[in-house]
Amino acid sequence: MSESERRIIEIPEISRVEGHSAVTIDIEDGVVTNVKLDVFEGTRFFEQIVVGHKYDELPHITSRVCAICSTGHVLAAIFAVERLFGFEPDRKEMMLRELMHLGMIIESHATHVCALALPDFLKTPDLMDFASEHKTEFLIWTNLRNLGAKVQTLLGGRPFHPVNLHVGGVSKIPAADDLQTLKQDLLSSKQQSLDLAEKVLSFEPPVKRLTVPTFLCLTPSNDEYGYFGNTIKSSEGWEKSIEEYKEYLQEEVVSYSHAKRSTLNGKPLMVGSMARLSLFGSRLKGEAKNIYDGSPLARGDSNTIWNNAAQAIEIVQAIERAIRLIDEIVSHGEEKKSPVKVASGKATGAVECPRGTLYHHYELDDRGKILRADMITPSAQNTARIELDIKEVVSQSKSFDEQMTAHLETLVRAYDPCNTCATHMVSVKNKSRNGG
Amino acid sequence: MSQSLLLKKTDFSIFFQTLKSLGKFFAPVRVSEQSFSFKEIETEAQIAWEALRTILPPKKFFYPPSETLVEYSGNEIREVKPEMNFQVLFGVHPCDLAGLGIMDTIFEAGPADTHYLQRRKESLIIGLSCMPDKYCFCKSMGTSCATKGYDIFLTDLGDAFFVQVETPRGIESLENCRQIFTSVSETDKDNYKDYWERRDKAFTNGFEPDNLRATMDMEWNNEIWDELGKRCLSCGNCTPVCPTCYCFDLVDIASLNGDSGSRVREWDSCQFVGFAQVAGDYNFRPTPVDRLKFWYRHKLHGFDDPYGFKTCVGCGRCTVSCPAGIDDLVDVVKKLQGQRESRNDSSEAGGENESQIK
Amino acid sequence: MRKDATPLPCIAVESLTGCAGELLVILENLDKLLPFVRVSSFPFAQSKNDDGPVDIAFVEGSVSQPHDLEKLRNIRAKSRWLVAVGNCAVWGCVQGGACAKCKVTDMLEAVYGKSSEIQVLEAKPLDAYVPVDVKLSGCPINTTQFLSVTASILKDHLPYITHKPVCLECKLRENACILIEKNLPCLGPVTAAGCGALCPSMGAACYGCWGPCQSPQMDAMATILTEKGYDAMEVINRLKTFGAPDHLFERMSSETGREA
Amino acid sequence: MNHKLNEQTTPFMPTRGVIRSIIPMAADNMLFQITVNGSGLPNCLPGQFVQLWVPGVGESPISVCSGHVGSTLELMVRKVGRVTSALFQMQEGDWVGLRGPYGHGFPMNSLEGKDICLIAGGLGVAPIRSVWQYILDHREKYGRVVLIYGMRHSVDLLFRQEFALLHRRRDMDVFIAAEELLGPALPPVSVQLGRVTDMINLADLEGNFEVAVCGPPVMYKYVVAELKKKNIPESKIWLSLERHMKCGIGKCGHCFIGGALTCQAGPVFNLTDLRLLPEVIECA
């Protein structure tokens, strides 16, 4: 094979994503033979870090996996441990957790959609240009991101790495007055979230998807559109308990990347906003429902780029749901907290993070010390599909130019990949440790 | 001269309302199972009558934990005057009144701290009698009976308060509810004396106060300091809670524009390692032992110069606020005085710790 | 004072291995900074980044792989002020704490196999490799502290950063002490202030996310916690979680013979 | 209620001063001449100090280092940390804040008629300079004057110009010692190899000597021991002490020695008074 017939295209670092990653595309005789998404973020071995620590330390250690979805990592860990202990949080506690989670959804989606994704469509790769030339969008971002931060700060103590969420319940219940103020803030930001969704839906996707992915997401445990649940649902039609996650998700190590990848028996899958909407969009209410119903998403158009729109719709949903939740929380009386009883065993906890399903699995000894941990992040689940998407896009196009590089970046960015998350989940299976 | 009056508890509401109309009303409220705090209150029911010691002493009202003193902008330096609203401080016990007296002396001494004095002036202070618990030792420090530092003092006589009005401001503040006060009868006076006698006998904690200054000097090299120093966390909890600890730090906070900023004073603690450090990394109190010993001496021996008085008022706050369970001044004094058996049976400090945490 | 004609100082916001928390905090405060600085590099937030010299480089994350180290050296070379932001960059954070208890190469081998080309380094803070001008800890950094530190550096002044313990801020906020009242393992006495005693103010134990305060009394802390019923190894685990370096435990291990 | 207090100014309010000139003296040591209008500063006495404020950075206690303060205050500053570094970046014409003068200086009145020995170590020469300048301004009021100045390296010698002149004076004996002699420098000042204690030994301190000392904390112990050998009673030894000082007015508590406040009772103490305080037995 001569040099001219084989081309290797590299995008050395994808900017405006969380963490560090690069793409390598191998083209032989005009056919894309290989696409590699190399996540070269440093590894942090979180599954090892937690070993030897007590269960009550888990939330604040796992939080550090990722700032953007720290609340998700905290809650997944708490859910796993509480399941293991057979602890049932009361209704008020669950509402507080959900509200907190919605804060994260708002903050994370707003930052992704506005600050990371929008500049592609507005053609402002420079932050200062974005801030000065697109004041409206910049303000929507700062306002919505502040709103998400406010929700999380009131409930968790700070905008991320919350300090108020614990196994067994919050250490401080926010004052009713503060919740009412928050509600006012939510109400007054709703219009901006609608504007943002409309704006994103008005963009023309620069690339196309050829095949519809397999979507996976948690079935929300109540009748709402939501982020907590104990069973996983697939667009292939099946539904399974999250405890069986190892059976339906296969994890593999790839030599070229620091991130593990998960597949459905070798087939790529997609998790995240688009997956959630495609499986549970029918549960939406209010304005979120209206926008969704009128969007290409509702018509089954699964172009990757619409994931940005799906996120924008979820912001609307989160705001509307948070407003209702606050009313419920405020009217809900004090409940007596039941104590946590430490037990040994294994259990899995999962939440729908902004980018998709996040699994935490722990094995504890009878004093509540962590013996083994396993975490599977949404980004790890999306990687194979990102590579497939790139392959599809490059195969369709005739030439490869700078424009294409930009489009590919836009495509990768639409997944909102979180490389810090992805790399931090490297489990050591067959080695016993002195953790403690 | 003070004026004595009687106030029936059934009339207290009227008194409360009258005082509340004068300005912000602060009283001890419960903040946790074991702790109280002086907070602004709206209703009489919020008052925690059972409160003996609040986490922070009343000094916080006159000398706030953090306060901007000076601001600058461009070429201009400007003093930030305290924002003053008249405040009523209710339920201050004798030890805290004594503490305020000491703070007054220090902040009044030239050059006087005008912000402190101004806040002090804009306040009405209502003292309240109390029965000691196992940590109180104001009797040993000679601060168990309030002599100054308040405008009005209430002694609890069961169904009435024996009211002593000490200052013109105190009299002024009663004007609008003068009708609820009656003059005191002989029985009231007897009850009053009775109360204070009972109280005097109620102290279970304390030490022989004679020669305290001498003891602190003589025992400067006693080994118990080393024992205590080993447990000390240098966390500084003992100092902010002390009614007479007043040390502070002054820091500049610059603004991004590079042209303005402020100077802020914030409570500091002699228990922190950098407190006495000077250039050349020379530290006059490098270890927890040095710092702890210094603090104890300052409290129990007091100033050498210029004031010459002790600065402990026996409120017991440092004892209950020390996470290491070592700050039992009474126990330390007894040990220094040679009564080594005192509370030391459980030999290891762990036992001590437990008794305090209970 | 800056003359109007002089260009704005340049800043770079870079990350090594971390959770991106400081990037978020800086991004969220960017509107406050923008009038006073030019952002010449911030790959997390913009695509157009230049590699030229900068006045201030804020660097997040620990050095956990050769790529980080190479990047850090480049940043050091191009910046007048190198500011380590966040616990990762200042102390090594949880990954640094973990490296203290198991070897990173073992972990790598177990995951990627013996022949793996992936290179890892034991997670270390920046000053293990290059001189650092300012260390601003926090997990994440506190906004107020960040802004005032930046204000100082913009004037080329060494900033004031407190190293007093969390207990001070806790008492200034008049919290009931939860180490005393709830017997929870609060690490406030040995942890650097800066957060405003966030956890105790919410009724929870400080877990040390700011890293150690100046001259922390680790051995006294361990004594007090073991007396409260926490086992010795657990206590050390807790104290080391957020990257407290081994040398702070020297006295403890030599006195008790315990493996610290 | 009384509102007069509201009109009084907090003692923490600095006065503005303008840096008139900055004169390098040795590596990391510069003399700042600062012009101040209409403050209490002209009444500075030798041994007193001011609180020097660099806006946005902080305050540092700095000794007054000239014998007479008109509208210009001289401060000799060594760069050691935040405030002092920031000060070194300032330029002539920039403004700083000043509070003071604070503390008890050397008892110049009661020293009248006595022989005076001045002992300075390192930067301690700053306050000592205010003493000799004061004495030279009022030369007739004092007896013999011996000036001893020690430092680590001879290149650290401060006020070289001035020492060149002092050396030539007949009414004053000047001994300068360095632990290490490095290269010749101009103007020439005769520096001997050794420590301050060696110079005390060399000097003739027979007479009615009162001694004023200022230097790094470690120096005092040795100096005092040496003076004792010379039969100088403790009541005639005056030490200027350095402590951490935030306020300078007896409020911040940082400068306590036992139960005495250095900023008010000191910084200049008579050694007999110090003997009554704990915490200073070993070192000053």
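All chains are identified by letter, namely A, B, C and D, in their written order; residue positions are counted from 1 within each chain.
Everything that follows uses one rule, which is that a contact is a pair of C-beta atoms (placed from the backbone, for glycine too) under 8 Å apart; a residue touches a chain by one contact, two chains touch by 3 or more.
Model, not experiment: these values are computed from the prediction.
Of all chains shown, the one whose average CA position lies nearest the global CA mean is C. Note on chain placement: the centre of chain A and the centre of chain C lie 25 Å apart, centres being C-alpha means. The distance from the centre of chain A to the centre of chain D, with each centre set as the mean of the Cα atoms, comes to 64 Å. In terms of their C-alpha centroids, the spacing between chain B and chain D amounts to 38 Å. Under the contact definition stated at the top, not a single residue of chain A touches 2 or more other chains.
Residues of chain D in contact with two or more other chains: 56-58, 81.
For chain C, residues that reach two or more other chains under the stated contact definition are 151-152, 155, 157, 160.
Of all possible chain pairs, those that touch are A-C, B-C, B-D, C-D. Residues of chain C touching chain B in their complex: 1-2, 32-33, 35-36, 147-148, 150-152, 154-155, 157, 160, 163-165, 167-168, 171-172, 174-177, 179-181, 183, 186, 188-190, 214-215, 217, 219-221, 223-224, 227.
Put simply, chain C touches chain A in their complex at residues 15-21, 23-24, 27-28, 30-31, 34, 38-39, 42-49, 61-65, 67-68, 93-95, 97-98, 101-102, 104, 106-108, 110-113, 116-118, 120, 123, 139-140, 195, 198-199, 201-204, 207, 209, 233-234, 237-238, 241.
The part of chain B that touches chain C in the complex is made up of residues 31-35, 37, 55-56, 60, 65-66, 230-237, 240-241, 251-259, 261, 266-269, 272-274, 288, 320-321, 323-325, 350, 353, 357. Only residues 151-152, 155-160 of chain C touch chain D when the two sit together in their complex.
On chain D, the positions that touch chain B within their shared complex are 1-2, 5-6, 8-14, 16, 53, 55-59, 78, 80-81, 95, 97, 216-218, 242-244, 246-247, 249-254, 256-261, 264-265, 276-279.
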